[in-house]
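Each of the next two complexes has chain A plus one more chain, namely chain B in the first and chain C in the second.
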Partner chain A sequence: MDNNKLKKLNGYHVVFLVQNSMIGLGLLSLPQQMSSMGYSQWWLPIMFGVIANLSLIPMIWIVKRYPKDNIFTINEKLVGKWLGKLLNIVLILYLILFISSILEGYLDLIQIVALPDRTIITPLVFFFSVLLYVVHGGIKSIARFCIISFFLTGWMALFLYWPISHGDISHLIPVSNFTWKEFLTASRNGYYSMVGYELILVFFPYIINQQKAFRQASIGVWITVFFYLAVTIVSVMYFSEWQMTEVLYPILKLFQEVELSFAERIDVMGISLWVMLLLSTSAAYLWASKKGMDSLRANNKTYHMYIMAILIFIFINIPFSKEFQEMLYDRVFYVKFAIILWPNILILLHLIRSGRKRAKS
Partner chain B sequence: MRRFVFLTVFLCLVFVSGCSGELKPSSVEDVALVNVLGIDYIDDNRMQLTLAVPQPSVVGPTQTYSTESSLIKEGIVAISSQADKEIKLNGLRIVLIDEEFAQSGKLWDVVEHLYRNPVIGGKVLIVVVKESAKDMLEQEYPGKAGIVTYLNDLLKPKPHNMFNPYTSIHDFIYTQTNPVMDTVTPYLELKEEKVEITGVALFKEKRAIGVLNREQGQLIKILQGAKRLPATTITVNEEIQTREQVVVDFVDSDVHFKSNKDINNPVLDITLKLKGTLYEYQGDKDLSNSDDFAQLEKEIRDFMHSEVTALLADLKEKNTDPVGLSENFRKYHHGRWSEELTDKVTQNAEYRVHVKMQVLATGTIR
Partner chain C sequence: MWGWMGVVKLLSKFLQKKAPSDKSTSKPKLKNKRVSIESIKQELADVDDVIYKNIRTPKGPVTVIYYSSFVDNQVLHQTVIAPILRQDETVIHASEKIDLNDLPHVLSLITTGHTILFLHTQHVFYSINTFSAESRSIQQTETESTVIGPQDAFTESLDTNLSLIKRRINNPELKNKTYMVGTETNTKVSVLYLSNLVNQDNLKRIINKLEELEYDGFTDITVMKQFIEDHPMSPFPQYNSTVRPDMTMKYLLDGRIAVMMDNSQSVIICPTSFLELFEPMEDYYNRWMTATLLRSLRFFGFFVTIILTPTYISALTYHPEILPFELLINLQESRNRVPFPPVMEVLFIELVIEILREAGSRMPTKIGQTLGIVGGIVIGTAAVEAGLISNMLVVLVAISALLSFLPSSFLMSNTSRFIRYAFILAAGFFGLYGQMIALAWLFIHLLNLTSLGTPYLTPGIPRNWTDLLDSVLRAPSGLLKYRKGIARSKEKQVGPLNEE
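Now for the complex of A and B:
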């Protein structure tokens, strides 16, 4: 086995790790998030793809300069030990908050759709057992899990056939029927679903062929864009603008349109299968937060993962008020935005540092 | 040792979870799965709620429960206290609405409640009934397996009732909230010991405003782009001496709209391409003669043209648009589209109907 080797992720692993850490809870409500643009929203995923791809460039650039370090170590090296650690603490808190927000969102949905007369604590415990099991195997185990969850859930795109045949393609025009304000609101809310690819900052040292990492990560990003685009176009065809604004989980309603002679309520099955996507996303994030903890304490211990998991579990079960929660999860967006832009600052610091070094020598 | 601990914990989790009282689900015997929901108008604040639950054949065909309430959930709670089983809406298939309730404009609240409820599937049909939904559900139907099965079979898509719009909850919400469209639903009548789909209920915004007959329902389906339609009887000449009757089965139809993109002087070209086979013909024409055949094709074309034109004039007069004709103007319009713009377009529109008819076959004899 390759447990003792540092480099263990091949090209496929990178593609699906990037792709599956992006698709999670976000896709379930993506058309609703972008509803301020009405029917004209359908092309936004393409723009998101371009932005994501562009923002990958500085990420890969900086990690290539430090091929054996992840973002946490790079922070400490470039910003300084204490400031770096402080930043890392913020990053870890963000990761905990992010995992909590997606898990809570998904469990709420499961409670509404699949298990209306039960409390959510038991499914949560089961979810955590599987999550810990996956993360326990390290990044390669997560990458393999991402591949399997892609194949277990990707085929559900076929269910879009029914809403397509029921929808009206003329909703796709006019393409530019929106104001700047609507466009900015939709982009801000929609881009929330795109994040996840920034985890490459953490798992980059594990990639076997680091030279090709950018290409592989880009393929992952564009697979995600393909799914987002498909769902958004079909939603625009199938729903009225009112429905796009009011229906919280449009995919649920799209699945309800499916008519099969041998199965009913495909929506419940689809939402239950979605757990694979949630598991792969949260496993990648949990692993990243564990790596953050490792770098904070300067040692690599398995129990760091359990501490993280317990913190997330506690956080989900603290009865915050709905307003506070929404405010908190909304603020997480700005942290995400900062993380995506952060590599640019790091590049600047790196250039200053190497300039100084050169001047000294 | 680790493996032993893991196995023990795993087995405990799997097998002991069944002992949890909280996880105990209701068994099928204890649940009354409502299949048809009937709503009748009492006054502006109250409605008569009737639930039909299919029974196992040994017990009886159908069980119905009825109560008065102002909200759906309130009614179901009230019915639960008279029912011997737990009432569940998970198996709901059909919602029957009496005409008066549909006219009152309160139907939106009911359907929105059902649309919000995640246990209810998206395929539930909304149907308007002429008199009382309660009477329809409680009536005995000799020779039928019970109202639930009867209605489900009746409202299943079949080649001969393709005029039926099959309005599901999604379709209802979609057409109600889409400013370019108005809602249509199937319209049922109780006739002695039978239920018949006699037409299509027509809405303007939230209220039902009238009923179209089956032929008009079929034309709406053609204009909405339906491909396959049931056989239609066409009377070519009304005068008794020269009267001709043709039954045409439309095997393929296609519709194409072209607007002038001007909402101030709207002009819409509607091109219908119909292909059909002749089922039956009564008249003096010799169908093996190409001139007669071409003449008949022309007559059918003229008939369809006049029918479509008359329907569009009727819809214009009623100020409603179930086809969504104004979509052909919305898609070229910048800015938010509203009901007012739809009204403006449909009221001022000039419709130019073009029909292309092709008779493919006339049966196996000359």
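Now for the complex of A and C:
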């Protein structure tokens, strides 16, 4: 059966894996994150798309040189065994932290919007049982789930019709009404929701057609950019500048604008349906962290996945102070930034190494 | 644990041989015996419908041995006794001479309705197939009836069923390989496929599964189906089963494999996708627009039926704000006398509906009608007036009960009944969030399912883009030019390519 082969991801799988590991919790607060730029923020997603696409090039370049290895084993090969392992531990910690941050954010939101008189423990347990079920099927199962969750959630973009009809298109100009500092803050905060495509460093060995992987990943990135662009443009049209900075989850506000004769407060439904996006994102990350654990222990065991899940579960339930947590999740951003730039250093190491090899022979 | 697995593998290797020789491994004493009237009598002692008839012919006495329950007297007289008495040699020429060392074979011939002739003077045994037991004639189906299209349905006889298929596909490429299943019953199973279309991997898989089967006997093919499915723990049926020859034919032409079993009416078709369980044959007899409409009704009906009553629960328990004001007032008014939480209310009435359905399904029609009236009036009106349930809920439950009957596959409609309870409980725990978690679970489960190693949810995740033409949408028949991706047929295109 096709599950036993190493190469199992076809083009659609790659596109939607990349796309769905990017869209997650970040989209809910994207316009607010970029609000320091005010109304001029709407074209930022395009810039993010270009940056993401550019940073994909070194990633694909390095993994193509090692078509059977993921980032963890490449690290060990290029940086050295022990230093590589150390780096991998940091990477795994980052993955765990990242999953905890999005899960915690999402469940807080669920608690506020949908289940006001509940603690988050039981919803979390249910979430984890489903999450483990996805990851248990391996990367192909995750990829398939990504496709399904795209179609189950993508149609919600239609709800933007109501805010558009209430919005003012003149908000879109001028496009350059900001200072450099504002621009940097907005892009720093906004880029948070772009990350996710770096997981291709982990699942690249499983892609059937590795030559086309760059194109497929780029398509995934630009689908994400399309959604982000739609949301930011509509928010810019709909909100006032004050609202943009103050409304924490602008998407939910946009959903509330929807007027249907048989349903009100679409945001409750929307935030519940968002669990699909959260599941696909965190499943991809959890799988990646499991792969990291595999390479650390140099064997492939299913229980590594459970260890990771338990770590995340414990981490979410440790009662840190809100300040510490925010600080921590904020610092995660720099790790993320480092990871996106890390392939460049790997390329350098690779060139040095291959140069040395050539000199030897 | 591993030792046990080894034993199972060894046994399955034994089973790969034909059933009679298998019997000889289990009863080694038969091997040493020679075929004679005495040894046959000894082996078939206490089988009282074996007839030993001695006939005196001019060429010496002849003994005729047969099962009286399998062989019609008239047939026996016409094909065996009369020719022998007439000294017609053709009956001897037309029959099979028996190896005197193969007693198990003789026994299996007798138990399958053959007549054994023993010519005393020459001391030889012959066998003639005289199986002429009563079987049901070809009738209309009640479970998968259509208004238009052919009305004949399979019967319980394997030969009749094969003939129903073979008269539709007059082609030597249509193969039917026979296997024996059931270690005690020796039931014939026939695997049908078009050898120029079928995917060899699929064929190998199903044959392996059939050969590895080890079980006393199967009362129906639906029992055997559960043994050879990829995921026996799943609530979903992973192979389609039908009693319609036209449907079997359609899938055979698509490059699928049909498996028939003697003594069972339905035929299983593999591999099958999730969506195909919502597609009755009538879709192809209707105009394409009607078919598309009905198909989408069936398909989305499946999701509505598992989501409708749970949404009632979550709306009333956790998120009353998702309902418009007037609707909410209406709902609250209708259940203002109900003292239970919505979950209990829904569970109660859903269970009552299940009980009604279950009680009605085994009653004679006359009592069934009474039951319907009792159920309709007592549950529909009296329970509401008594303040046990709300009016609105009765409507919703009735709709979802009706919707659950929409899928063309009866097993699928049962599955939807079962899954609904999972959704009801999830909604009771976490409202809409729980429903979405349950939905995610459902989809992950469906995505991980395979039917004969092929993804079950095609064309949700299409293998070919052309699959979408015959999915929820049923494109005009002229456009359905390609075989389905799930069949992985050798020839992708239907009919010849361009004439040039």
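Throughout what follows, the second predicted complex is superposed on the first by the 361 of 361 C-alpha atoms of A that agree within 3 Å, B and C clash if a C-alpha of one lies under 4 Å from a C-alpha of the other, contacts with A are read in each partner's own complex, and residues count from 1 in each chain.
Assume contacts are C-beta pairs under 8 Å (C-beta built on N, C-alpha and C of every residue); 3 or more make two chains touch, one makes a residue touch a chain.
Remember, predicted model here, so these are calculated numbers, not experimental data.
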| item | value |
| --- | --- |
| Fit-or-clash call for chain B and chain C when the two complexes are aligned on chain A | fit |
| Chain B versus chain C as contact partner of A:276, first or second or both or neither | second |
| Touched partner set for A:298, first chain B, second chain C, both or neither | neither |
| Touched partner set for A:240, first chain B, second chain C, both or neither | first |
| Touching partner for A:158 - first (chain B), second (chain C), both, neither | neither |
| First (chain B), second (chain C), both or neither touched by A:54 | neither |
| First, second, both or neither for A:141, with chain B first and chain C second | second |
| Partner chain in contact with A:318 - chain B first, chain C second, else both or neither | neither |
| Chain B versus chain C as contact partner of A:257, first or second or both or neither | first |
| Touching partner for A:265 - first (chain B), second (chain C), both, neither | both |
| Shortest CA-CA distance in Å separating chain B from chain C in the superposed model | 5 |
| Footprint overlap on chain A, comparing chain B with chain C | 118, 122, 126, 264-265 |
| Chain A - residues contacting chain B, complex | 38, 112-113, 116-119, 122, 126, 129, 168, 170-171, 173-174, 176-177, 239-243, 252-253, 256-257, 259, 264-265, 267 |
| Contacting residues of chain A [partner chain C, same complex] | 1-2, 12, 110, 114-115, 118, 122-123, 126-127, 130, 133-134, 137, 141, 144-145, 147-149, 152, 261-266, 268-269, 272-273, 275-276, 279 |
| Residue ranges of chain B touching chain A (in the complex, touch as defined) | 13, 17, 20, 22-23, 25, 118-119, 121-123, 170, 173-174, 177-178, 324, 327-328, 331-336 |
| Residues on chain C engaged by chain A in the complex (per definition of touch) | 318-319, 321-325, 327, 426, 429-437, 439-441, 443-445, 447-448, 450, 453, 455, 457, 460-461 |
